[in-house]
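One chain, chain A, links the two complexes that follow: it is found with chain B in the first and with chain C in the second.
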Partner chain A sequence: MSHNPAIKGRAFGDRVLLGLVILLAIVMIAPVFFVVALSLKNNQELMVDPNSVFRLPYTLVNYINTVGTSSVFRWVLNSAIVAGGLTIFTLVLSSLAGYGFARLNFPGRDALFIIVLLGLAVPEQAVLVARHQIFSWIGLHNSYPGLILPGLSSAFGVFLMTQYFRAIPKELDEAAMLDNASRFRIFWKVLLPLTVPAQATLGIFTFLGAWNDYFWPLISATKKEMFTLTVGIASTQVNFAQSQGIGFLMAQAVFAGAPILIVYLFFQKYIVTAVSGAAVR
Partner chain B sequence: MAEQLTLPQTATPAAGVRVPSADIYAPKWRNFIFVAPYLFFFTTLLVFPLFWGIWLSFHKADTFSTGKFVGFGNYIRLFNDKVFLQSIWNTFYFVGLTVPALALIGLFLALCLNRRTRSAAVLRTIFFSSSVLSVTIVTLIWRIVYIPNNGLLSIVYGWFGATAPSFISDPNLAMIGIAIATIWWCIGLPMMLFLSALQQIPQDIYEAAALDNANRWQTLRSITLPSIKRTFVLVIIIQIVLQFQLFGQPWLMTRGGPNNLTKPIVLYIYDTAFRRWDLGLGAAASEILFILILIAAMAQYLVTRRKGEL
Partner chain C sequence: MTAHIEIKDVVKRFGAATVIDHLSLSIDPNEFMVFLGPSGCGKSTLLRMIAGLESVDEGTISINGQRIDNLPPGQRDIAMVFQSYALYPHMTVADNMAFGLRNIGISADVISARVTEAGRMLEIGHLMERKPGQLSGGQRQRVAIGRAIVKEPKAFLFDEPLSNLDAALRVRTRVELAQLRHRVKSTMIFVTHDQIEAMTLADRIVVMNNRKIEQIGTPMEIYSRPATRFVATFVGSPAMNFVDATLDTSGTNVTARFAGGVSVETDIGSNQLGDGKYTFGIRSEDVRVAPVGQGNAEGVVDVIERLGERTLVYARLGDGQQVVGSDAGNSPVAVGDRIGLAFDGRKSHLFNEAGHAWHARGV
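Now for the complex of A and B:
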């Protein structure tokens, strides 16, 4: 069989394709390795010879300096509070609403659900200007609620949870009804535990989106101590061509980017499902 | 089964111990409580700002106050503003650069990596990994790649005694540089969408094709590609909607320069509304963007709906 020319040609074609894929993979990771290598270099040495990035000695001095500047920790904390808070509130609101839309009936339910679905088509930019003005009136800028609240209006979670609750057999609620359980008890004790996979998907998607969000924190958090990690890191990187410390800036970038990459490596399956599921919806 | 259980209950409604199942799904106002918390945020933070934004676009407004009604004045100003027209062109140019590349490279990777080997799994992990980074980190990485002298590109070109093209400052290359960084950032999603589409093609079709001695190209053209046609359209539309909202990359890499050549619509909105504080004009520009994205989103709706029929 292995002497069959068709199969031989196939093996050769496979190698060409594999080579091409590996080449693309190198393009994917080379910049990351370059940034990590820069972060491990002494700034003066980089100034003298850019090629020194590929040579020993490497040093941790930039990381020690990063840890020394307290702002980065504050920004990590802010991002964690905002992303964590938004995730918890989104899960609660979406689960309640998803249960309501999927299982209960009230006047105008179907019309309301369609209106919520239409909300999926509204891009953030269409409401940003008005939202910013409203938040100025109430004085919500530069505060955690100011950073968290806009995300709570997202229709995606409600859509996802409604779909999920609809897929659970109705006999479950009906049986619980016969036991005289209240609506909330059925929701809490019987149905909610069954939605854990959907909660994980929605939770990861929400957290990742909030952690990486840039536009709203940029216009809402204008005080340095209220910056999220994305805005904070961006603010230190302005004009880095003139900056003397490329190694230091790269250490900050690695410090900011590494945690999310590590989390990705551990929870890859869930993250991929969450992100692609959200795109198709 | 349900009949037997419910009948005795309906017979003794006065006892009030058990709820008749017929009533479970009857419309009741108090059921509204479950959706009320979300609807509160939905109304105040999405519906109201949406209409307030339209209202603002007809006014001369700053951060705190809404000034006088100017009718279509803001829209007329927009279409007389060369920078705005340039930003619309820039956005379309960027979408034209990135979306076909993302779809084709994504499809190529999915076709190559749709196998159960360990190396394919590792490569999939690599190609999706950039997607979890924030725009700040991505632009930082690519600025340090493009930067003259110290940048990775300069160093690699230097090995061959050549000078690297200046992707950030050359007017002809700046948008291409941003597009490359964006493709690097976003390639994971199209690849994964194509992969899950490929996995839904029944294996027995391929076995039948193998029995017919179909070569790889024939199999690809007459089985694989037709089966994922719908996903291809979907990927294109999702990416159009996504890439239309370009903002962070040019803002952090080029500040929209040189000569506004990399300034997309969202960056124009940001500049007008949040740096020059002309909220009315910014709101008008965001309505134009909204209409453009809505057209793409409607196309997505039509494509996804057809799934049930096919």
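Now for the complex of A and C:
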């Protein structure tokens, strides 16, 4: 079989592809290693010679300083509360809305669904000033609700869950009705468990989006103790990085990146399928 | 307790379209009733109305004298087996069967006992911890039946439950269903478009067409004495032969004359018929292939179908009309042969223009 030129050609093509993938992986992962290496270097040594990052000695002093002095933990906590809260509430709301659009008959349902979908086309910048003003009036700035609420109107989430509920055969609802299950029990026990793959996809996208969000937290959180991680790290950076030391900054970045890495490790399977657009079965 | 189901004058509309039109039907306790008809005749809709999955626009449905058409499906004390099985994919086989019982607050001990017994009866006891995705089509079918059995309902509804199975499994499951109905004493309603399923399983068959009931009867009544031309066509394979005929009613019995001088004396009294045009009908097994000159007609063989125990011979009469006759399994006839055809007038039928039937006394 190995003499078949078509297969031989394919094997060669596979190798080229593999080489490219490895190259891409190196390009992606190199900055991460660089960040970790920098975080393990003494700041004075780096100021004298930045190339010292590539040689011994390495030290944990930046991590010790981070634990001792930085606000990064507070910011990680803030980000975790905002991203976690946003994810949970988005899943709840999108699932309920998706079920409603997919399974209930009520007047104006289709028109309402189109209005929800129009939300996909409205950029955040277009509503930012108005939203800032409203949140200012009701005193929600510098609070967790202030950071979480705007993200809850997830047109994407409602759309995704609606489509997913629609794809579930109605016979399951009917079988459950004949099994004397209430409407809520059908939703909770029969349909919702079947949407776990969609929930995972939506949850991951929502969590990553909220964790990495910079724009709204920058506007809403003006007090240092309410900064999310992105805003906090940025604020440290503008404070003339060299005075605190690049190694110290990188140690904070490692702390900042760790939770997302953990999320990734736990949900690897779902993230890969979510990004590739396939459904997990 | 088993169900006596009474359907009175029910109507179902989807928008402007009427899909069930003033239909009445009574199903006896413990009866195995089959709704038979072509796609779109309303048989599945009628079943779903009994189940409570479709509303009833007019008329009533009662079980044992109690009106149920205003009750939600779960409170009608009936179980349904769906064409697609509709098993809950994320639950194990045991949980699928137990779900309905848990919903009505039956104790765990009783649930466990019923599920185990159903598993034993259906030979799926070893599959209890599997999920539907890990089962074959036949096993899923059994689980769906098991889910219905554990509820010990007054009536079972089956919506074309065999149509997703391959041919061999369908025959086996059909036999098993026939056995099951004798073990589980309950009223059963079975919807199908497959006349063999209907003939083999039913106590009585309801033949439906175009939103209405064409005939209700035992399988042999439906086959031998079809009330309408539609029933005669739909039930039986091949369909009944229909030949345009002029009728001679001068004798005691009607004599049907075909073009080409063929005449068949029927066993239908001349005084039974009214005016109008009639079509002569006869089943293929009542048209025997004979040597030329014997029998009461002649034809040329168009097609031969060898079924093993008998041979179906499609022959064209002198006026171009085709009839299907029967011959022995090892029939020597070949395509193009001229053959004689012996019509057995004692097994014949006549249909008027409206499709209503008159039958010979011998059928």
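Odds and ends about this structure:
Definition applied: the second predicted complex is superposed on the first by the 229 of 281 C-alpha atoms of A that agree within 3 Å, B and C clash if a C-alpha of one lies under 4 Å from a C-alpha of the other, contacts with A are read in each partner's own complex, and residues count from 1 in each chain.
As a convention for this text, contacts are C-beta pairs under 8 Å (C-beta built on N, C-alpha and C of every residue); 3 or more make two chains touch, one makes a residue touch a chain.
Here the structure is a predicted model, which means the values were calculated and not measured.
Chain A has more of its residues touched by B than by the other of chain B and chain C.
In the overlay built on the shared chain, the residue A:13 is in contact with chain B alone; chain C does not reach it.
Once chain A of one complex is fitted onto chain A of the other, the partner contacts of A:106 are limited to chain B, with no touch recorded for chain C.
Of the two partner chains placed around the shared chain by superposition, chain B and chain C are both touched by A:178. When both complexes are overlaid on chain A, the residue A:169 reaches chain C alone and has no touch with chain B. In the superposed model, A:224 lies in contact with neither chain B nor chain C. After overlaying the two complexes on the shared chain, residue contacts for A:119 are found with chain B alone; chain C is out of touch.
Looking at chain A, you'll find residues 171, 174, 177-178, 180 touch chain B in one structure and chain C in the other.
Interface residues of chain C facing chain A in the complex, by the touch rule stated above, are 51-53, 72-75, 78-80, 82, 84, 86-90, 99-100, 103-104, 147, 151. The touching residues of chain A, when paired with chain C in their complex, are 169, 171-172, 174-181, 185, 189-190, 193-194.
Against chain A, the residues of chain B that register as touching in their complex are 2, 5, 9, 17-19, 21, 24-35, 37-39, 41-42, 44-50, 52-53, 55-56, 61, 63-64, 105, 109, 112-113, 123, 125-137, 139-145, 147, 149-152, 154-155, 158, 184, 187-189, 192-193, 196, 215-216, 234, 238, 241, 244-245, 247-248, 252, 266, 269-270, 273-274, 279, 282-283, 286-287, 289-290, 293-294, 297-298, 301, 304.
Every residue of chain A that touches chain B in the complex is listed here, in rising order: 6, 10, 13, 17-18, 20-22, 24-25, 27-32, 34-35, 38, 46, 50-51, 53, 92-94, 96-97, 99-101, 104-107, 109, 112, 115-116, 119-134, 136-137, 149-150, 152-153, 155, 158, 171, 173-174, 177-178, 180, 183, 187, 208, 211-212, 214-215, 219, 229-231, 233-234, 237, 240-241, 246, 249-250, 253, 256-257, 260-261, 263-265, 268, 271-272, 275-276, 279-281.
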